[in-house]
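Across the two complexes that follow, chain A remains constant while its partner is chain B and subsequently chain C.
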Partner chain A sequence: MADDTGLIGKPAVRIDGVAKVTGEARYASDEPVPNPAFAFLVTSPIASGRVRSIDQTAARAVPGVLDILTHENVAGEITPPKAPDQGKTTTTLESDKVWHDGQIVAVVVAETFEGAREAAHRINIAYDVQPPAASFDSPGAQEEPRKLGPEKKDPVKGDFATAFAAAPVKIDARYATPTQHHNPIELFTTTCVWDGPKLTVYEPTQTMYGLKAGVAKQLGLDPANVRTVSRYVGGAFGSKGMLTSRTAWIAIAARRLKRPVKLVATRDQGFTIATYRAETRHHLQLGATPDGRLTALRHEGWEVTSRPSGYNVGGTDTTARMYACPNVATKVNIVHADRNTPGFMRAPPDTPYMFALESAMDELSYALNLDPIELRRINDTQTDPIDGKPFSSRSLMKCFDQAAARFGWAKRNPKPGSMRDGDWLIGYGCATACYPSNIGPAAARLSLTPRGKAVIQLAAHEIGTGAYTTIAITVADRLGLKLEDVKVVLGDSDLPPVPVAGGSNNAASTAHVAAKACEEIRAKLAAAAVAANDTPFAGLDPATLKVTAAGLVGPGGKREPLDKAMARVSGGPLEVHVENAPEGLKPGALAGLYQGQADMVRGTARKDVTAFAFGAQLVEVRVHARTCEVRAPRVVSAFAAGTIVNPLTAYSQFMGGATWGLSSALHEATEVDPRTARYVNDNLADYLVPVNADVGSLEVIMVPEEDNRVNPMGIKGIGEIGIVGMNAAVANAVYHATGRRIRELPIRIEKLL
Partner chain B sequence: MRPFSYERASDVQRAVIGGRETRQGQTDAPVQFLAGGTTLIDLMKLDVLRPARVVDIKGLKAAHASIEATPQRLRLGALASMAATARHPGVLRDYPVIAESLQLAASAQLRNMATLGGNVLQRTRCPYYRDTSWAECNKRDPGSGCTALKSFNRNHAVLGVDDSCISQYPGDFAVALVALDAAVELTGPTGRRMIAFETLHRPPQGKPNVETTLMPGEVITAFEVPAGPWTRRSLYLKIRDRSSYEFALSSAAVALDLNGGAVRQARIGLGGMAYRPWRAKEAEALLVGRPLNEGNAMAAATAALAGARTHGGNDFKPELGRRTLVRALLQAAAMEA
Partner chain C sequence: MSTTSPAADGPTRRRLFEAAAGLAAAPAIAQAAAPAPTVRKSGAVDVVLNVNGQDHPLTLDPRTTLLDALREHLHLTGSKKGCDQGQCGACTVHVDGERVLSCLTLAVAVQGAKVTTIEGLAGPNGAVHPMQQAFIDNDGFQCGYCTPGQIMSAVACVKEGHAGSDGEIAEYMSGNLCRCAAYPKIVAAIKQARGKMERG
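What follows is the complex of A and B.
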């Protein structure tokens, strides 16, 4: 069911674009509430210990201070939230215990933001400090293998040890990635409003129903009494994909005051009150034949997490499946430290783990004296190497070939350090990108008026990806309407549920439910039309009728105005409420959707096929021969990701991913002070992300791909894949430029001096 | 941020009277001058600066923002914006090192707001100074200690430091000024005086909270840069992790007067390396009378960084500083001036 009717696959500007650039779009903290009080968080300057005493005298004396919440007056009022993996996590005001740097230890509420901030600065808290463990190798950090389960398996195949021992060519190397924070420009805000027993939470989120269910559980409320609203999100990248501890405390503050309370946490607080990408370490072992065929692959990973949480991303699920290799072993370990609990961040498993695999593949290409693209061609496969299922589609080498042609890869002199422009050393590097194709259950309400105007409503998430537009495109396409005749309402938990906007499932999940709703409307009109006597369609097969703006259309150009066709089934607008459960979904997943759960059909865990989107990323770097600064003037990426609903916003997603990849490879790192386990550079001046001048030519090729096995509409997710290959592509290019293999990100001047 | 009273000074006399309690630039001085506000307001929001009174001196713009280039010197009004100075034709033509130091600083928005006087007094970006949740900071809280000595210190200073403070002077423009023997005009309670720019910023000497040699109430009203045969052959090289909108990891302000292949005179300032705007006179002296080749440039750079003291995270800085200076010297020698 690829695009045959029109709008799917045609570039369309965002239907919410004007609202966004004129300020009309309401982000959560923009929602007007009556007479709000303002909250300011007080966070701990220590990473481990206990709150000994809290002196509120000076804070209480600040004019306009209304309330101060601490563990002394609100302990026990909430159930702590769960970690991103639904396990245990750190807590806040439930007790005097401090688990990590920047933990919320008090919430000040005042008549003004400024008053709350001043009072927060005047609270004096004394702590009993324990020496903290900051990260890997810190005294007191505890390492253990991760716990395995149905969605956490260590892929294994054949006999790695024997094959590696016998391999004529070997790579054995260790890699590391740093702590990273998402830093969406929209800060972490929460506004809570009570109306009797009913609570409304305005908070930017990627999980309307998850937030609703989570807050209800924390506060012991009937979920029916909790409404979450998040019509637009100003950047999320995973950071707004789960409940954090702040929400319940703002709700309690509002309940105590009997007045709406608004929190806009500061940039530095965002580093510690939400989640992040934890630092990782990797041990990669590759064995190959002299002609480049992989015979053995072992990938062991280590990831930092908080003391109580077992959260891990475990990207071996991806790396074990990347290339044809008969002998595979994997393992993932977690290291508990005195840190906040990490969470989802754009391609959570794939970004760090593919850095290790794709760097090792590059090292292998030099050991074999093979072009790195050719090495990938030799080991390309249409079959999942772990369980033997076919890939639903895999166009990896098409991506490499098209990207290489556009990039001018043929001009590359394979010898490291051989290409130069004046004082600048030039390097070309490449890597594979991939991301599993996931789809979840979803529900929607669609109405169509006799004049051909449609309104679709669902609790989906616009996190900057263009969700309003892809949903409108789908409805317009299926009902034969113009894009401007479709209104899309999202971001409210009073609407039918969709899964968390994570795992790149959003476009596939929402497009399928929207298309299903359209089909239901069409089927109703068609069934009534063929059964009636006053139509040109009497007695026809209802499947042959289509809805268009001009009306119901049948074979041979027969048509009937829409108002007439609709009068037969409803007095006015026709409304349908549909649910879509993709094939292969776990039983109960649809019901769970309404409880805020997010069971999806995952591309790595299907019975019929293994489903991934693939891509190739090629980078040119320039390294100054004397002062060693690294610049990346040119990136060409090619992706094959099935049906592209809106090529315009898809291009933005791919481009944004590649940009972030440059950032990840060259700029970003949260510095964790080893002595205090505190984040040092918790602001956008010191946490480096690229500026415009750092991003030169950035080309994206969308390789056409039809995949009728991944899902009926052939849609693979595209939100995350754009970042996945970049870390390694940049590092590989730096090696090619300089002959220096940098195995620890980010690649900064001091590593090349 | 704490409540404060705000007053506008319409002329320099009023500013001086309003500023009687500015002390010598200490963080805890009860009065702070406000010009562009690009550092002051940030630090007040962060609760680092808590002035009881803020004296807004933007009104001095009318009388103290002109830029005059004469054959003898360049005079820059202290209230001139960084942006206006950077695009002034006389500055661009005859003092490229000054124009470049300004162009490569901050962002376009900040350069439009920030004044030259405020820029040279920009406070350190040391994260332990800028975040009051770090208890130990001798610059903010005298006697409390220095967190940077034992914590993450990748971009901390290696020259002119002591155990009381290893924070880095973050600016670029001041590095050009110190290289070019600039003077600074101060107007205060006892009138007007000129001092060498080099003496404006104090070394830490165990008291890093006292940042300048300003007398209480003194306002910077102008800078004067003497013209010399070296100012046209000058440049500012700034090395950093990203291409724009970032403080230097290392920078060099270089001005040369060449006689054929040999150096007649050299002026060298270093940024990203030092506690205060840094002049590398030892390196200048080594170059005089010699051809500017790789070997002599390296000898000068080695001398410039000879006194470096590192603390782990910034161990790479002396090497980067040397390479930066060598590159800047060779680049300046190759200029058409």
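What follows is the complex of A and C.
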């Protein structure tokens, strides 16, 4: 818990800031390797069919070409990869089968990048083409209800059908969200280096141990012989959260050549060799009393996936729990198409599913003639409506109240189309944001020198979240050190494991293991000190002693220099290796961590409480009365997410999330050609993401919240929540400005004409 | 009710890319009188690149971009590859003081010019440039991948005289994408560094 004396909760500039502004920070493709050969991928221009023949003559004639991998020469060399949900997924060079557009069909390796690229373009591949199913409604697309494991079921409560039929006020509406791609600015790169039986993989990843275990399994290697290195990740947002096909092929290419091989996939290849946010559809039904109490809620979702994969995000786990409602029904369907397998993208379930719920809530507020914030207040609850558990804490209305005050919500004239500034129609919209609070097991190695310098090492991930700094803050806080006296080493699978950096668990998982390591050092020093005769602490309760930079400190200001206290337990630096298994973790989850598994204590699946962070997002849009151009000059977001370890970097992350939300609502969509099932706008000029001049005022309020039930340090996590309310808040504001309800994202001019 | 209208005169994506492309073309003119590279029988060319004040003789495939020459041949990996097609700005360096997209610039085209990368921005005593410090102070980045390009653009933006207002900074920094979306903090950093650069 943050306190006035500690460092947790005080803004601190990033300890890796100098490395990042000077170019010293080493991202995976920056790692120097001796004499690398360069790989270039060849990807399929068709979405369904088979490779009929491959003519390599012209490609082989390009000077410097060293090797060409196709299914003809490497098919049997790997075990196929897993989907993000660990189920089946599409294959690449395992066979002649083409599952989707842009599938890897060959890997060319040459002395130079330029030579590899030229040869890749000179390979002549003939295909047997099948007509592909691109998406929903395509001929050949196959719909089925999602399959749930034995431990999971669709959230349901009461009797929806009866309650909805009887409801005096009803909303019954359908919503849709488009395909989206993460597009981190760092490309998908892989560099593989063999040293005898040992393989080192330099690849940007959110899962050091998942990548290590996955590659080992695919190649049939002992995981002890695989090392993954990813000291800095140049943006991830979920896209680097799982093993993809490219890695094993680059490892095999390097093994065949007995030489390091380096791949930097192109921007357009990134759209098809990694994952994406699948397009979704939603059917929302709400029933309410005339005074605004929800009596019935049904949410059915449809999500696209690849042919073999059952991957889905299933955000009904969230939407069913958002408001007090006695009768709830939910269902999730998947639609198989000839597409690459989707995966995690920032707030994977919540971003699309909360768009539907929060849009429907806004529609309900108009049907009831209620202020949309008041509608949420009426239906606010401290109890999980599905299973009756208390929320660990829920400060949703505090968030709305603080955001509304800051925003000037009171000035809103509720009538749509009533607020205008010259040619610009003005709209105010709001929505709830939320994200489950997750925490996973983690391990770390911490050493402290007699001069008060600490080094903590763990295979955690710096993806922009400020992980180096939050971990340093925790250690400095607990050992009473200055931030600059703590060194943090991350991003190497030779270090102790932590879970995937996703699902907003990173800060909680790493802070708790860091704090536990500090406690172990304190306890060792304290136990030795109270047992010795040559200290001022002899015979005291060891729990009363604290470690600080000045030494061991006890009650009444008694102190002993650190070197003296440490000499008692270790000759030099004192090192501890600790593991932290949060309460409620499944048996075996800690052991699974070392195998690259990511079992966590999930906020929606706990026995004691339901744990979410909550927020409120308020947006002003301006829609040009004649051109229908939409602008969002002002966003105020308030979040209550428990302990905020570093408010400086947290602000950046919340703000970035809100910008992602603006982008999702107004700009982003990957266009899928319905005839060919190919991505059309697979580059950064045509896939619209905001530039500097696109963003206006983005205010973030961090609502203080103490939560001692979510986990001991009260950390709920913040990476995902910033985007969650924005889709609906923008759409609701557009409705307020124009009277036009846009139920399909993104809200571009053509939808308002 | 606020009466400020949104940036109706704000930049369009197209204008920004035109601006970026224009900047990329600048060194081509500057080096018109530069020595021609020597072409070997293999097709490789011998060039001398002046980077961060040092001459580097290199033998390159003539198709090698300045970005790949920096990263793969000189091991100056601060300049980043984000798209390799002039759309993101992560590869921005200075050529003869002008900001340039190094992925759209052939290495052979800058022989005779002075190339400055993020690694060459710090002072001779190793002190970070005021712009680098301002990015740290304002948390003007998250993952840091676009940051070298942002900083090279930001230094140029101030030197060009395009940092007069928040709107002008945002306009002239819109060729550098930041997917983490640190934009308002990048503007704040440039405002902080602007004064120090002008004084210094």
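Quick note on the criterion: the second predicted complex is superposed on the first by the 745 of 753 C-alpha atoms of A that agree within 3 Å, B and C clash if a C-alpha of one lies under 4 Å from a C-alpha of the other, contacts with A are read in each partner's own complex, and residues count from 1 in each chain.
Everything below uses one rule, namely that a residue touches a chain if its C-beta (ideal position, glycine included) is under 8 Å from a C-beta of that chain, and two chains touch if they have at least 3 such contacts.
Here the structure is a predicted model, which means the values were calculated and not measured.
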Superposed model, chain A: greater residue contact from chain B or chain C: C
First, second, both or neither for A:G464, with chain B first and chain C second: second
Touched partner set for A:P690, first chain B, second chain C, both or neither: both
Partner chain in contact with A:N681 - chain B first, chain C second, else both or neither: first
Contacts of A:W194 with chain B and chain C, given as first, second, both or neither: neither
First, second, both or neither for A:R748, with chain B first and chain C second: first
Touching partner for A:E114 - first (chain B), second (chain C), both, neither: both
Which superposed partner A:Y127 touches (first chain B, second chain C, both, neither): neither
Contacts of A:R631 with chain B and chain C, given as first, second, both or neither: both
Which of chain B and chain C A:H667 touches, first, second, both or neither: first
Chain C-contacting residues of chain A that also contact chain B: 114, 624, 631, 685, 688, 690-694
Complex contacts: residues of chain A adjacent to chain B: 43, 45, 114, 117-118, 121, 268, 423, 624, 626-629, 631, 666-667, 671, 673-676, 678, 680-682, 685-686, 688, 690-694, 748-750, 753
Chain A residues touching chain C - in the complex, by the definition given at the top: 13-14, 16-27, 29-30, 32, 38, 63, 112-115, 182-187, 232-237, 264, 266-267, 411, 419, 421-422, 424, 426, 462-466, 620, 622, 624, 631, 633-634, 648-649, 651-653, 655-656, 659-660, 663, 683-685, 688-698
Chain A-facing residues of chain C, complex: 1-8, 10-11, 13, 16-17, 42-43, 61, 63-64, 68, 71-72, 75-85, 87-88, 90, 117-119, 121-122, 128, 132-133, 135-137, 139, 141-148, 151, 167, 169-171, 173-187
Contact footprint of chain A on chain B as seen in their complex: 1-3, 45, 47, 125, 127, 131-135, 150-152, 154, 239-246, 249-250, 316, 319-320, 323-324, 326-327
